[in-house]
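Presented sequentially are two complexes of chain A, the first with chain B as partner and the second with chain C.
Up next, the complex of A and B:
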């Protein structure tokens, strides 16, 4: 089983990768990616089914907060049933589910983040007042003060000179370092999976 | 008065915004109801989108067409995705979840290849090119930027890039007492990298905070607007 799974992972990986470099191999690449999209969809369904099972078990055991689990299952089943019948693009699905529940809840949760982030920033200064924390808060303050429009107008120099310089040069250098670091990490992880060194699908 | 679709959407939006914002006075049952319902509804919506965007056009519809036309060649071509999908369902049963490993290996292989190509063509090459272009004097002159300014800014950017990368270098030498310490030069460069990462995170924090503040203002504005429309306040 271990040899079979490793061979499948390496063969599929190489065929998909070859499609990026050789147009002749792109036919195989498209078919394999099509299957990968389908399998990812089935895997997501398995995950959602598992979520239902976990919460149904809580309801069955009458565990603490099981009423919330029942609400979750009810919401999921109603949305799923109507979505299957009406399709996601239907005006009722858009109005009730997307614009009535999902988008307002996401926006409100993002709004709640203003208080949480402010609290986290204050806690950071109280608990860890090292160079990095001070630089972090000082930079955030410069960006805020440089962006804000006061009744008397923008703050001179800070808004027109310092804020763009900090965000477009100093921060960009660090951001590029982080981005390139993340890309190098992703590249290494991908190569390890492709060479069969890492086998996250099991059979290590 | 006929109940319009917009009114119901507005009422739902109003209700859920109030329930979520109630978290500002502390964790409470109303907030939990909204969050659990949100998770359920969002999961159901995702499941439906997956069905109509992936499962139906890539599996069920072709299978239905094969059943209607009795096209054996096309049917054989659909065998692999059908078998793979069925094997994945074994993940639901802990005792036989090993059967899904073949499909998981397929997904890992395809994912690794896409990740490698994406990291190379989407991040590494464009970011390195963009950094090199900072030292392009002709391009700087065309934008009325002096050579001194372009070189200075390019040097700061390059310094930030190199030192931030060095911060994530965790290679260390073991001391006689068993503790680990990074090489002296790397340690010094990494300290400088911390300053740049602190600046970057500060700018990102300000951006996220501004976005969160905008969302809060939009929600409060929608609450006010709904009440105004409902009671006909101009």
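Up next, the complex of A and C:
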């Protein structure tokens, strides 16, 4: 079974990869990617089922904070039922579920995140008082002060000269360096999967 | 066709260096985050607590698939090592395909360890389909399921800050790595030992004695030096007016 799944994964991986370089293979690439999209839809169903199972189990065991699990299942059932009856594009669905609950909750989480990040930055020096932490805080302070809008305009030199120099030369260069490193890591990880060394499939 | 050449070169180098590493095993430089991770693996069995491995919301069908695959490779090692624990590790994912593979990978780890019957499908969970809903679900696990260490490896954006903040308040150590720049900066400020850039992809080499993982690091280093040389040569050529 393991050999079969590995052979299928390597063959599919190679065909999809070759489709990017040779037009003859792009036909197979498109078919395989269509299948992958279908499987992804099925995976979403399985994922939702898994989510319900986990939280239903918590409610049944009366585990700690299981009230949140009950709210999650209830919310899921209500959204699913009304979504089936009214269809997702219905004005009531948009007004109550999307604009009334989902977007405000995500916006609230974003607001909490802003405070959390500020708090994390303040605590950074207590957590790690090394050179990199000091450079990080110092750079963040320069960018903030350089970006702030005062009644009289930008802070001279800091806003017009230092901030652009830091963000467009140093920060951009560093970001590109990190992204090149990430791309190289992804390349070798992908090759290991193509060689069949890393096999995140075929557990059964 | 230059991409195809790079791919071939990388594949040949990876194969050749793997053979070389089989004969002459390499020693890796110390990365504190991986030392903490190894310690956490041992301690989770001893102190009767579980590990929570957050794999982020990486999608296998786009550029973020690399970090998802690296996270799954790490998850398999962790599942193998912690399968004998009374409190089995729990993994969470924010993408349905990644979630399915998470379950399959944990099962595979249990099978390798010879305890497949101990596997329960709820060890791998999909906690949400958007970054923030995923973070909210992952926070719920870290808070309520007796977690000793939170390992965050994969694709995380700024929402990683919510998970690390909760871990901080619950006194849970975090080992974090993301392929996203915003996620990396958040993890840098909020974890004890952050992993920067391509260090995310080195996890396999540090937890696995398989020579191909060490060879992957060498291939990355070779390509990195080649890119540096090309950049310097390009800058010099531009400076001299050749190009």
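What we mean here is this: the second predicted complex is superposed on the first by the 201 of 204 C-alpha atoms of A that agree within 3 Å, B and C clash if a C-alpha of one lies under 4 Å from a C-alpha of the other, contacts with A are read in each partner's own complex, and residues count from 1 in each chain.
Here is the rule we go by: contacts are C-beta pairs under 8 Å (C-beta built on N, C-alpha and C of every residue); 3 or more make two chains touch, one makes a residue touch a chain.
Computed from a predicted structure; not experimentally measured.
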| item | value |
| --- | --- |
| Partner chain(s) touched by A:119 [first = chain B, second = chain C, both, neither] | second |
| Partner chain in contact with A:161 - chain B first, chain C second, else both or neither | neither |
| Which of chain B and chain C A:177 touches, first, second, both or neither | both |
| Which partner, chain B or chain C, touches more chain A residues | B |
| Chain B versus chain C as contact partner of A:128, first or second or both or neither | second |
| Partner chain(s) touched by A:87 [first = chain B, second = chain C, both, neither] | first |
| First, second, both or neither for A:68, with chain B first and chain C second | both |
| Chain B versus chain C as contact partner of A:12, first or second or both or neither | first |
| Partner chain in contact with A:197 - chain B first, chain C second, else both or neither | second |
| First (chain B), second (chain C), both or neither touched by A:46 | both |
| Where chain A meets both chain C and chain B, residue numbers | 17, 20, 33, 36-37, 39-40, 43-44, 46, 48, 50-51, 53, 65, 68, 105, 109-110, 112-113, 117, 121, 136, 175, 177-184, 186-187, 189-191, 193-194, 199-203 |
| Residues of chain A touching chain C in the complex | 17, 20-21, 33, 36-37, 39-40, 43-44, 46-48, 50-51, 53-54, 57, 63-65, 68, 105-106, 109-110, 112-113, 116-117, 119-121, 123-124, 127-128, 136, 175, 177-195, 197-204 |
| Chain C - residues contacting chain A, complex | 1, 3-4, 6-7, 10-11, 14-15, 61, 63, 65-67, 69-70, 72-73, 75-76, 96-97, 99-101, 103-108, 110-111, 121-122, 124-127, 129-130, 132-133, 135-137, 140, 143-144, 158-159, 161-162, 164-165, 168, 179, 181, 184, 186, 188-190, 192, 196-198, 200-202, 204, 210, 212-213, 216-217, 219-220, 223-224, 227 |
| Sites on chain B touched by chain A in the complex | 5-6, 8-9, 12-13, 16-17, 20-21, 23-24, 32-55, 58-59, 80-81, 84-85, 88-89, 91-92, 98, 101-124, 127-128, 130-131, 153, 156-165, 167-168, 193-213, 215-220, 222 |
| Chain B partner contacts - residues on chain A that touch it in the complex | 1, 4-6, 8-17, 20, 32-46, 48-51, 53, 65, 68-69, 71-80, 83-84, 87-88, 91-93, 95-105, 107-115, 117-118, 121, 131-140, 142-144, 147, 166-167, 169-184, 186-187, 189-191, 193-194, 199-203 |
